[in-house]
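The structures come next, written out as structure tokens.
After this come two complexes, each holding chain A, first together with chain B and then together with chain C.
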Partner chain A sequence: MTLYILRRLALAGLVLFSVSALTFLISRVVPSDPAALFAGQRPTAEQIALARERLGLDQPLVVQYARFMGDILSGDLGISYKTKHAIASDLATFLPATLELVLVSIALALLIGIPAGVLAGAQRGGWFDQATRVLSIAGVSIPAFWLALILQLVFFGAWHLLPLSSRTSNEAAIMYPIQAITGFHLVDAALTGNWTGWVDAALHIVLPAFTLATYPISLTLRMTRAAMVEVLGEKYIVAARAQGLPERDVLFRYALKNAIVPALNVLGLSFAFSLTGSFLVEVIFSWPGLGKYVTDSILNADFPVIVSVTLIVTVFYVLINLAVDLIQARLDPRVVLR
Partner chain B sequence: MTLLARWFGSRFAPDTLPGRLRRDWLAWVSGVIILLFVGGALFAPLLTTRAGEGEGEPNPVEKLEAPSAEHPFGTDQLGRDLYARVLFGGRTALTLGLLVVAVAVGVGVPLGAVAGYFGGWVDEVIMRLTDVFLAFPPLLLAIFIASALGASLINAALAIAFTWWPWYTRLVRAQVVALRDRPFVEAARVIGVNDLVIIGRHILPNTLSPVVVQATLDLGSAILTGAALSFLGLGVQPPTADWGQMVSNGRLYFPDRWWYVTFPGLAIFLSTLAFNLLGDSVQDANG
Partner chain C sequence: MSYLEVQDLRIAFQTHAGRFGAVNGIDLALERGEIFGLVGESGCGKTVTSLALMGLVPPPGEVTAARLTLDGIDLLGRRDWRDVRGRRVAMIFQDPAASLNPTFTLGEQLVHVIGHHLGQKGATARARAAALLVDVGLPDFERILRAYPHQLSGGMQQRAMIALALASGANFLIADEPTTALDVTIQAQILRLLKGLRDKHGLTILLITHDLGVVAQTCDRVGVLYAGTLVETATAVELFRAPQHPYTQGLLAALPRPGSRGTDLAAIEGQVPSGMTAVAGCPFAARCPQVFGPCRSARPILLEPVAGHGVACHLYTAQEAAS
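Let's look at the complex of A and B:
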């Protein structure tokens, strides 16, 4: 076990190093003129010269890489041309809004995907299985940015049930402002007992979180179903049924315990999809998070921001996958042997 | 028995992969949608009287009109018929999908073959390289590369292919490992055939069919990813019609002109859905 953890940690370290090297290489080698790209939109000759100086493009690549890593490790990610702020401080501002959205959508994925997957697997070939099969394939095929618009059209335009966009309504922001503690509106409002603000924030998160969750829900559902089908064929399930245990206990207590480990595999992937999906969804819901920051940067050719976000989000993703692997090893000792 | 009845007649379908597929009604539905989509893209100029608008000519007298008999999907901010634009957008989507898959296969397959055939450190290096590429969230890496390359259809396709080749490398490597010690390969080696010739002439042809199946099914995801990139402004540039770009433009007139985002988005959804449904049926019939 210890050996497995050490090996897994070493591998993650190696991957993190390679990821940073590849990000660096793509940013310096792929563009025809990196200095012009780093100098922002329609740069003057002076700005390009300045960017070339800062990037050290006349130096060998190894020296440039050392500089790149040195800057990042000391927390200096460069300056955004659009906001004129240090990218690191921009990220600190925008990240909590995105993380709140992503965490809520992953919670939705688990709460809907796992039970639905268990039921679909339990009546394999039945109507529920067929329906969830089509729905989950639709869920991975639908463009998130389009689904977001359609949901707005239905829930705001036609039924007036949910707010159109942003994190809070103007009235609530003035009357019941949410005090920033963690940056997560739902947590902060609950901590300060601001329940009117909490309800307002909760109503605002429903549509974006559900849009982001469609992909992870579908993925979790399919994985859980596949794992359940396999587990339900085992003899101990037959034994449990023969003993006359209620079907609910058989499914959710005996079968799910063994089915959940492979289903957890998708957690890392879901996280990646929600994070990058937020790039497409936040811009439509005017959600003031990382995604909106990135899309603005793409429109403004703010390349330094794109490089930093790519690196930071990927580091996050690698760490999440590491955590998922370690949790799996803890839950299922067989993982270690593989 | 008529040909049609023979194809539909589930009781007569043999218990092979195509036979089992034929009994799956979802496979049929998805096949029909794919045919409509490919046909619409190929014959776009013949399927509309407004091919010029489909290619980008503005028509300022009919701006942002709601769907009608004349314009089944309505018109856009330049008065162009959205039905024609969606048809021509299908050409962009299909071109992008084919480019992505071609480049990803072209890079991934040879690397996988070399890794699987030679093994040892060559294998180790190539497979660790795939690990690094797969460590990035796929859409994020594509966005990053596309913004480094600059916005265009070819660059978007290259950016996506760059994040996809590792899957083909892994697929082919697994196949080649299973083949490399088979008697016909050893026979070739014994009589002194060059390694690269063995790979190219004797091994790769045997790995082709799973690769072709996978590549066809991947077209759907390629279209979806391409639409996301062009929605973000990293795809083909106007006046060429593109579904993702149309949704992005239509957003400015949303929700009053609901049709502008609805139909191009529906096209992305349905074409991706068809390929994914077919993929699921193939998997089902295989397993």
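Let's look at the complex of A and C:
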């Protein structure tokens, strides 16, 4: 087990190395001049040359790459060409907001997609199955921006139930500011007992999280349903019913434990997918996460930022896949970790 | 009144090709404490009959009967089976590996059933689980409780399945081909275990099998099923000593004997009629070596030319009418 985890982590290191090399290469072959950007507005040729030297862009590629890797390994992600801030501190500002949004949306997918999938599979062909089939097809095909607008129109515009955008309301930010501890508003507010601030943050996260979650909810639901249909045909389910166990136990305990693995795989992939998928949603809901930071960096060819964010996303991707594999092995004793 | 009473049990499946009668009117009466064998070829309706006793016939199956009672309680048209499944009737299956949940340890499965039916938790429940395992011949219970089903041999899995079936305190056990997937020595051990449990706990057992050898080793009485109808019923001793129905006679003639090469039930020539087309006469007519006049037009009913020995065949209808 420990050996398996170590081997997977070593493999993860290899993946990270390749991804870093690839993004680095791509960032150096695209025709743009980071030095000109770094030198500020309307730079002279001398200023640009100076900037090039400071950034080490006059060195051979191999040297540049070695320096870049050396910095990263020592925990230094470099500085943004545009903002001149240390990227690490920029990420510390923006990443928690994005992560919080993604985590809430994955939690929604887990809490809605899996039970709904279980019930749909249990009454295959029934009205609930039909209804969730239609809804989940809609869920995977509706563009996020359109869904976001509809949700805003209905829940903010028509019913005044939920805020339009941003992470907190101005009043709450002034009257009940959330003290930053982890950077996750919901966690920090709860830790400090700031319940007014917590409710405000919770209301703000509902619409963007739901928008982001529609795809994973739909996918999880369908995967769970398909797996349930298969598992419910197994002999041990007939046996469990013959033992007189209540239907709730048969479905959510005896069957679900055998049917949940495909859904977990989908959720794991969705997590990584949502990290980048959230950027659009963040822009629509003025969510102060990585979205705007990354969009700006791309528009400005701010390579250190692009490379750093790519690496962060890769790290999450690798770790989550490892976690999903470990959970799978825990759920099914027949799975051998190799 | 018998412990289990079944009268005119019919089970039909509505398929796109038409209505398929899997069981076409069978009568059974089991006495408390006996082991009753239900024998027949694959597909003759043994499993659906047993599932009907627990309300577990899968859709689109429809179950009707003139009477269906267990220990005085009515099983007919029941919506709420909580009082029956596990509590009064337990079931074990042909393939123990597939009938045990692969993702829970046997301890977890036993404790869960015990908790649900007897309300026992924690150490009390575990103690009962251990006692059950000892009862079914698994004295190494500490290891078994922690094991997942795939870590046990087939014989141990079936023993564990029996423990799980008995965990809820049922007095009636349906064993659907419990030894078919096991090799011969293990098969004999499991059958001996079932007999022992009957003696020790006063269980009533409906033992379903396609193997007359199993019947001979274990059963007090036997019913022979053919194409969803009961063609002969007698004590096991009587059935082997003086089989009456041509089908049973054929089965016994096909039994492997020392010196001859063994064959299975299907050794009788011809095919079982598909339940799709309602047969007017005797369902065995197409394969019967003694088929005669009335066989193809009138369906023989189960009569008892000799007390306690029922047979559904026109050879005996005539005899009875004459006497």
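Just so it is clear, the second predicted complex is superposed on the first by the 279 of 338 C-alpha atoms of A that agree within 3 Å, B and C clash if a C-alpha of one lies under 4 Å from a C-alpha of the other, contacts with A are read in each partner's own complex, and residues count from 1 in each chain.
Note that in this section contacts are C-beta pairs under 8 Å (C-beta built on N, C-alpha and C of every residue); 3 or more make two chains touch, one makes a residue touch a chain.
Note that the structure is predicted; figures quoted are calculated from it, not measured.
Overlaying the two complexes via chain A leaves chain B and chain C side by side, clear of any clash. Touch criterion met: A:P143 reaches chain B, while chain C stays clear of it.
Here chain B and chain C are compared by how many residues of chain A each touches, and B touches more. Using the contact criterion defined above for the overlaid structures, shared-chain residue A:V134 touches chain B, although it does not reach chain C.
When the two structures are aligned on the shared chain, A:P177 is found in touch with neither chain B nor chain C. By the touch criterion defined above, A:Y254 lies against chain C but remains apart from chain B after alignment on the C-alpha atoms of chain A.
In the overlay built on the shared chain, the residue A:G126 is in contact with neither chain B nor chain C. In the superposed model, A:E234 makes contact with chain C only, not with chain B. When the two complexes are overlaid on their common chain A, residue A:F303 makes contact with chain B while staying clear of chain C. Between chain B and chain C, the smallest C-alpha to C-alpha distance in the superposed model amounts to 11 Å. The touching residues of chain C, when paired with chain A in their complex, are 51, 54, 56, 81-82, 84-87, 89-91, 93, 95, 98-104, 112-113, 116-117, 148, 150, 161, 164-165, 167-168. Touching chain C in their complex are the following residues of chain A: 234-236, 238-246, 249, 253-254, 257-258, 331-334. By the touch criterion stated above, chain B contacts chain A in their complex at residues 26, 128, 131-133, 135-141, 143-145, 147-150, 220, 224, 227-228, 231-234, 244, 247-248, 251, 254-255, 258, 261-262, 265-266, 268-269, 272-273, 276-277, 280. By the touch criterion stated above, chain A contacts chain B in their complex at residues 14-15, 18-19, 22-23, 26-27, 30-31, 37, 133-134, 137-138, 140-146, 149-150, 152-153, 156-157, 272-273, 275-277, 279-280, 284, 294-295, 298-299, 301, 303, 306-307, 309-310, 313-314, 317-318, 321.
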